[in-house]
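Below, chain A partners chain B and then partners chain C, in two separate complexes.
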Partner chain A sequence: MDMVRSEGLMHEYAVRGDDGEVTQRIRALDHVDLSVQAGEFIAVLGHNGSGKSTFAKHVNALLFPDGGTLWVDGMDTKEEDRVWEIRQKAGMVFQNPDNQIIASVVEEDVAFGPENLGVEPTKIRTDVEDSLRAVNMLDYRSHSPNKLSGGQKQRVAIAGVLAMKPKCIVLDEPTAMLDPSGRQEVMRTIQRLNKEDNITILHITHYMEEAVQADRVVVMDHGKVVLNGTPREVFSQVETIKEIGLDVPQMTELAYRLRQEGLEVPADILTVEEMVDALCRLK
Partner chain B sequence: MLRDITIGQYYPVDSVIHRLDPRTKIIGTIVYIIALFLVKNLLGFGIAIIALAALISLSKVPFRYIVRGLKTIVIILLFTVLLNMFLTKGDPLIHFWIFTITRQGIYTAGFMGLRLILLIIGSSLMTLTTTPIQLTDGIESLLRPLKKIKVPAHDIAMMMSIALRFIPILLEETDKIMKAQMARGADFESGNLLQRAKSMVPILVPLFISAFRRADELATAMEARCYRGDVGRTRMKELHYGRRDAVAYLILLLFVGGLYASRYLPAVSQLLHMIL
Partner chain C sequence: MSIEVRDVSYVYEEGSPHSKAALDHVSLTIEKGEFIGIIGHTGSGKSTLIQHLNGLLKPSHGEILYDDVNILEHKENLRQLRQKVGLVFQYPEHQLFEMTIWKDVAFGPTNMRLPQDEINRRVENALSMVGISSDFYQKSPFELSGGQKRRVAIAGVLAMEPDYLILDEPTAGLDPMGRDAILGKVMELHRELGMTVVLVSHSMEDVARYVNRIIVMDEGTVKFDGEPRAVFSHRDELEAMGLGVPQVTKLGSLLQNRGFRMEDTVLTVDQMVGQIRANFQS
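Let's turn to the complex of A and B:
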């Protein structure tokens, strides 16, 4: 079954002049057709203003379609009385860890979601413990979020979403403000949730190395889906990706250049190991 | 430099006072403050001091730590004492130039000073033994009956807890902005008061813009986690009164009764005056 499915999804922002009149309408999403299977790990790529964050907010019903339809777990996001159900099913993690942690104690923050849903206090407690254990932060339950590292804060934010028992988690550039080790912590957590708990992941990112880990990569540009396929399929289209102004993974780039120089290496190399393999097989 | 400011400093030890329900402590503190203004003589103050000393020793918070809180109000304290001393009319004791110190003046000044000191120590004992979250929970729960007259109890408590969460973040940000402006040659240290105040503008403007942006993002994040006010909301940690709270209320009642009685025992207090 499709976890998320959009058909002709449109979203427009109005740009207002000094007098408040609408001078221009910018189409952030332009007829987006996309479906995400339950249990899939999808990476969404695109540079700033490509519409990828707007799409993420639609999945969480924080924005509503100006045209077309979006279904989340079978629910139409236009149905206003199901907004809370949609937000519970599709949790969202944002870029800045500081601006999404509400309480001044880790476990209180994780409890925030279930508290809003009206879950029984004893049940909240076990859910909070389970969620913190799932992101490996149980030891920090009574700490203040201010004393945690960026990666730890982001894991707390993920736990906060997990405690609401979602089927799908949308992560809007969760690693953009983290250092490399924090980025790794978060990626490992997301991977585990996807593989072990079968949670659908929509991971929006700038980093190609992260996109490589996904089952499927979607590249967006000017509100449209430009490329959609496995990481191998997508990144082998080096020219299209460069045209949009994005990078390809380092090894794919190297393979691309070697091929231009006439070396017979596959175009869809993603990792260093594959490159070493391919190079050893030459001659 | 800004990080030295501590708000709602909590002293983490385990004691009977720490384990009391926050509502008990809030009500107790309010009653204690009101009771202090009922006190008219030395006997009353004696009772208050003994009660406070007992509470402090029960709370296991070092006395030195509590007294530190008095430093911030030394100036107000001196001001109050001096004004009371010189401006109270009565039987003159000492007279020089335009100043007259009366016997009543000394009494009122002394009482006022003592009252202020007891008030500050008493209320800081509450913040030292209660975590900010417990405090906001307590306030929310105490304000709940007022909801019938449209007091937004939940919203007030939510605002307080978010403020507590963001104070350290905004302080850090202020520090960063100051350093950034100093790196570009801004001068915050020299000049007169007006110039210094003016030099704060390049700090405040970016700070406010960033605070608004944070507020916007936080609101979105809260909505994404299904926040819709206190409609249908439960709490993980619910407040429960225990037996020790009942005991605390009983002691509070005795304390207030004792203080009230002290007003009508001039004979005893006269005696105390003679001894002291």
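Let's turn to the complex of A and C:
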């Protein structure tokens, strides 16, 4: 079953001149056809301005199509009376942890969503506990968010989304502002939610080593999907990816260079361990 | 010419129950002309260290010497120091505030009360150093992309014509193109103008590619200080600190365990291609 499906999805931003008149229209999404299966973990790559964040905002019904259609769990985002249902089904986590936390105590922050939905207080308490446990932050429930590390703050933000009982979580560069250990904390959390709780994940990132962990990688450029496949299929297209201005994992780049030198290593190597095996086999 | 950090400790909220030593007897010297990378996880003391280098923080113990003079001895020293040691904070584009790019970069030199033609020269020079062309001078900084904004913010510091340029994670949050554009420009400033650069980074790959010397901070102390090859040969210790080494460096040491010859610690893909080629030719 499709958790997210788009057909011919279009989005245009209007550029306005000094007098407020529209001087130019920029097409941020250009006929995007993309399906995400329930339970899939998808990484979306693309440089700034490629349309990936615009797509994410459509999934969360923060933006509406200028053409084409997007369905979330079977609901058309153009149906205005279902907006709240869609936003509850597909939760969103943003880049800057400091812009997403509003309460002065961790558990109050996580309770904000369900409180607004009018969930019964005893139920909120158990939901908040479950959510904080799922991101391994239950010990910090009564702490002040401003004393937490970046990785911890992002996990609290994810708990806030979980408390809404979503089927899908869209993360827009959640690790961009974190240090390596914070990044790992967040990736482990996302992995666990996907594998154990079967939550569909759309993870937007610039880090290739994170994209390698996904079931499928989608590469966007100029508002279009240009590559779509398993991490191996996508990253072995070294030349296409470099043309777009993105990185490939360091080991895939090395494999590409070694093949140019005439060494018969597989083109789709992703990790250090695979490279060691491939080279030992040749020796 | 040098900046010397001599036995410096810094304690946050000294005397309170929350007091915490962010720097613990740190000694090091930054010589003019070096390109240094500082790595360390959040809370290791690296940001506290760089804020001492231009006198934004006062050591709780020890002293900072700029060309052998204690920077805190005269107020006048400190003002001059901040022009000579330019500090670019994290997300510097958040500090852009003027109506035009030109005015934003001119802010520092104008405050230095320089003559107008000198201000003009510096602003043009600084913007050209970061690759922002004159078409942009009269635009609002808010019309730019994230990477361009950040380059304008760096130009604001360059317009002070510092001898030392300190950048705190200048590529955080940028896409690979924005990252390469910034680091490429910084490398040019170092190579062509001989500017001393201190780069705080979370990316081992970036540090391995650009710097001549790496300082590793951990729990407020200097854990390693040396050439990239020497520092990255401590793979186990770096991994235990949550930092790690570049992937090719790790590959080099794993291949060595499996009987491959590696002449030295490998830092880049180019070097690795050469090493592997040598192994298969013999």
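One rule holds in what follows: the second predicted complex is superposed on the first by the 282 of 283 C-alpha atoms of A that agree within 3 Å, B and C clash if a C-alpha of one lies under 4 Å from a C-alpha of the other, contacts with A are read in each partner's own complex, and residues count from 1 in each chain.
By definition in this document, a contact is a pair of C-beta atoms (placed from the backbone, for glycine too) under 8 Å apart; a residue touches a chain by one contact, two chains touch by 3 or more.
On a predicted model such as this, the values are computed, not experimentally measured, just so you know.
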Clash or fit, chain B versus chain C on superposed chain A:
fit
Answer with first, second, both or neither: which of chain B and chain C does A:Gly49 touch in the superposed model?
second
For A:Ile101, using the defined touch cut-off, is the partner it touches chain B, chain C, both, or neither? Pick first, second, both or neither.
first
Three-chain overlay: angle at chain A's Cα centre between chain B and chain C, nearest 10 degrees, stands at 70
Report for A:Glu120: first if it touches chain B alone, second if chain C alone, otherwise both or neither.
first
Which superposed partner A:Val276 touches (first chain B, second chain C, both, neither)
second
Once the structures are superposed on A, label A:Gly150 by its partner contacts, choosing first (chain B), second (chain C), both or neither.
second
Once both structures are superposed, the least CA distance from chain B to chain C in Å comes to 5
Complex interface listing, chain A residues touching chain B:
60, 62, 84, 87-88, 91-92, 94, 96, 98-105, 107-108, 111-121, 124-125, 128, 145-146, 160-161, 164
Residues of chain A touching chain C in the complex:
47-49, 95, 149-150, 173, 176-177, 179-182, 206, 245-247, 249-251, 253-254, 257-258, 261, 263, 272-273, 275-276, 279-280, 282-283
Counting only contacts in the complex, chain B reaches chain A at residues 132-133, 161-162, 164-165, 168-169, 214, 217-218, 220-228, 232-238
Where on chain C does chain A make contact in their complex?
41-43, 145-147, 172-178, 202, 205, 242-244, 246-248, 250-251, 254-255, 258-260, 269, 272-273, 276-277, 279-280
